[in-house]
């Protein structure tokens, strides 16, 4: 079965090493066999998809026909280069070099292909021999595949491979000459840390997998590549460590990815929406990150990463709520500091969710809760404010969201200016104009800052939305409303699952062994086990009794 | 096909039982007993806790005889279809009446103490809706909610107990049993009558990860909730002295006494919120039990569809049952104890005796039973 | 107004549950669901429009008092 | 849209409409600026027999630090009274005069006029215990020689904007520094005392100290400079049942506190052992006491054990304790005597008023419930002939930073 899968085009192109020539019938047969054997096996085997694509058929023996077919298929696109080389003794042979300009490393093509083909073909006698020679000797590129299928050939070319067709042979060679302009590996902009690796994913899948491979140098790291999107043909890779990740979950990921039937994938966000467990939840059940160290850490816990070509954001499943409030730094900083920071994060998540609603509830329903001087202070500030507190809170919150959105979208240079103008001028002016009370401004600002303290932004967005609902609840029925809202939220969160793992996992259901990494992060020498519900395949993470101690013969002996 | 697919752990069951038990404690315990000698209330709660261990152990023992059947199923097995179903319906009625009572006490507590102008329906409906929502997601989620919230509730309970330390006077607890045993007998009965609500564990046993934890969970729940109840009573007597018997919402009043250094004042609404959550979870638990029970009685495959109608019925009950808060308190004082005690203990004893007779008459019963269960 | 709200609430419950039950073809469930919902609805309706309904708690109270009188 | 989503969507809309219409009624909503925060409340009975409620309502804009940073010279509160046949009605009738709804959750003082207190306070306290808005920790204070209304209209403190803050401050320092007023004299404890067998309630005694007795009282336009009167705390109002029966002065009240073990600090003045006519002040540092009632041969006796520590605070005349150690012991015994005097004064006053404010009866009940049961009906008589044994252990611990007082050459 393994062979069947790999020999069809389901596997990663770079591992495509089949010596037998495949014609279309073989492929069809294989395909149906595969389907029979593995009903849920993935992606490209979708019948509708293949049918829609099939423009060609087998390659022709005639070079001219091939050339026309290729050009037609690309609709004479200007970036398609079809170079016709006349080589061999007396220029008897015609070699077509086909590639897409901009996707290939041109130096590689000219030095390792065209130059060598022009120089070393003097002894060619017949096309078959020329083809073998070309394949086995001349092409100085590490990864060469052959295909007899026009579609397959075109797919390769469209991905940046260089296709070579020789006359009178109904097969073509594709050499991996991919090379294009790509962003440098930089520090991730959305998840900055103080301590820890400074590299982040880039838009190229291959680079990203290499970043992972460099962190997990073990053959058990599996990277399965798939193609999603009937037109965009985006490469999507599943990475996991076999033996740590639950095979059932891996299969579930494969299935869900296989179910995707869209024409294009531009960002992992689309994949996220297409495979997540709770599409209508305000909270994401899939963690996204652009940090390779975070992904590697998740892999070591037995989780699975989904990398998508064209975006630096990788997805991690199964994700739990606590992961969203965790930064890789937590694991590198000293344990007390890390734990304290984590507590602050939980606090700020809660603050960003409930602070405005608490303000509204206290000022409109439960005035007895605050000490007298404070309540008089608030009352004097509310003096002359025309709106009820709930309207005031909603107004300021909306204003704040607008400011934030404006600040994010504007060019870097203008952004801060907007924030300053917005924050200072509008806030101050609104206060002076008596539209809002100063304490409201304080509340909104504190809420805003608290919401920035969440390491993963997508979960902060959830809190951002819910905050408005909480304010409305608090405004209508006070603290009871807040409690009701929180209870509904708790019900929702505990009923969520991410790829079979309860979303609130270490908290509900309570997994005592995992409290070591919940609010407090225990020192590394005490983190013996992986998360129980994710990494149950191989629970023990490390050796016991690793607490560092000073050498037994300490004291004066060492000073000698 | 199973009506409920989820499984809960022993600690989740413990949490649910504790919360079930804490509801009456935290809001109305010393009052509902109608105690004549207020300073002895804590004794009756302590004695009640201890005395409730045998009946609960009997329930546990009975349930463990049929670890993969709910009380609804094995009562039919033991007493035959007809009588078994009658017992099943009686239990459903019992749970629904508890649900209605709890809903009503939430509503009355809020309208009495916090927001007198708000119609009681606003609270009842909200809590009913929330718990129906939770119950519909199944036992698993209810169990998890219980687990998380038990910690929150215990924390707030503990804070409410300890923060009014300034106004506590432990001399109020003396003299102990000055007027003899008689006056504390009825309150002790009340204390036991709240523990026999544990009959609900007959619904949970088949859905436990490990049924063997049942004994531990039930005893743990008795211990924790008994401790909380006694501690609450002690704190209440220390703070309020003889006036405790006049308090409508004793625990809530305790929250009103909190005043710490000009900074924390009258945070009664926070324990009140924790209590509301407790009620919501307990209510979800009872709704779930009633729905599953009905589903099993009538041979339905899905209980989820029944949750909302049952919630609607208990909301209607909560309005119908009691005309005023006085009615509710009188119900607890006069009707609840004999009603609850005879019903639950009666059912337990009948079933237990039946199981003994069955066990003697045919030793092979269990084998047949287990085959049937597996089928 | 209150009656309208009541109908709205019960309609919401029905709209939420019934399609799901029908899709699963659980006719028995549908019957039980409908019976329970109608019971709940009539009880609520009687309370909203002010029809006196016998109170079961009073019944229990009566039974208990009678039973206590026997001993 | 598939039918599944459709049904969920429809029910969601229904449910939202339903919840929205039930929940957004905003019944109990009260915007903070529409509330008048009552900081003190007084109760009297008018000549017509109606109940008169007087309240201090804080003016937030005058009290709080404004955004401009300046402190306004405006008076920080408004005094207003209204009447009604019950207290609740009178409180509600305040709405006729106050543009802001009086809000009682921040009320920390229940002031009762002497006349009203003599007629019994139980009925008014019921309201405060029953209502969810009022505080059970509000202090109960009785105004000596005046009605609550008069008191509240005149009282004001130079240092505080709100009289309630001033009263709170004085109260706290009297409790801690002088120990001459009842500790924890809240509504909660008052109600407890009222219900506890063998114990009578006490309350804080308040007195008006007029500044300019001849100046006319113009309600409403008092400015900060025209402070009319301030108040004096200390001492206690003694109740019998719920009726006021008499007063304890500051010394007597400390006597009560000596017995009940609530003395925290205070000054004891004794004779200077070395020089006639000169005095020494001792500062009480620490005090511990406990009392044990006992019934023997139908005679109730109470043993009060007091341990007190003090330091030398001030010496008049010349005295060097380093040179005359016997003066030290003499001062200690004088200190014990002073304490005894205070306690005996308190006990004789209590006996005179026939009110068991110490809780001797309650203590007896705790210790010997059976004996108490037989005594309780004639406790009034028994209390009169109760035998108090005092054991005072007084210690002088420190003498401050100098040993002898300066001697003129």
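For reference, chains read A, B, C and D in written order, and residue numbers begin at 1 within each chain.
In this section, a contact is a pair of C-beta atoms (placed from the backbone, for glycine too) under 8 Å apart; a residue touches a chain by one contact, two chains touch by 3 or more.
Because the structure is a prediction, the values reported are computed rather than measured.
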Taking each chain's C-alpha mean as its centre, the one farthest from subunit C: D
Chain nearest the overall C-alpha centroid of the shown protein atoms: B
Inter-centroid spacing, subunit C versus subunit A (mean Cα positions, whole Å): 50
Intercentroid distance (Cα basis), subunit B paired with subunit A, Å: 47
Between subunit C and subunit B, distance of the C-alpha-averaged centres to the nearest whole Å: 23
Geometric centre distance via CA averages, subunit D-subunit B, whole Å: 42
Multi-chain contact residues (two or more partners), subunit B: 114-115, 118, 122, 126, 266
Residues of subunit A whose C-beta touches two or more other chains: 365, 368, 477-478
Set of subunit C residues in contact with two or more other chains: 9, 13, 16, 20
For the subunit A and subunit D complex, residues of the former touching the latter: 363-365, 367-368, 372-373, 375-385, 388-389, 431, 438, 473, 475-478, 481
Interfacial residue positions of subunit D with respect to subunit A in the complex: 23-26, 28-33, 35, 37, 39, 58, 60-61, 63-67, 103, 105-106, 108, 133, 135, 164
In the complex with subunit B, residue positions of subunit D that touch it: 15, 19, 22-23, 25, 27-28, 105, 129, 132, 135-137, 184, 186, 188-189, 191-192, 195-196, 362, 365-367, 369, 373
Residues on subunit B engaged by subunit D in the complex (per definition of touch): 112-119, 121-122, 125-126, 129, 166-167, 171-172, 174-175, 178-179, 239-243, 253, 256-257, 259, 266
Touch list for subunit A against partner subunit B, complex: 365-366, 368-371, 477-480, 482-484, 486-488, 490-491, 494-495, 502, 504, 507-510
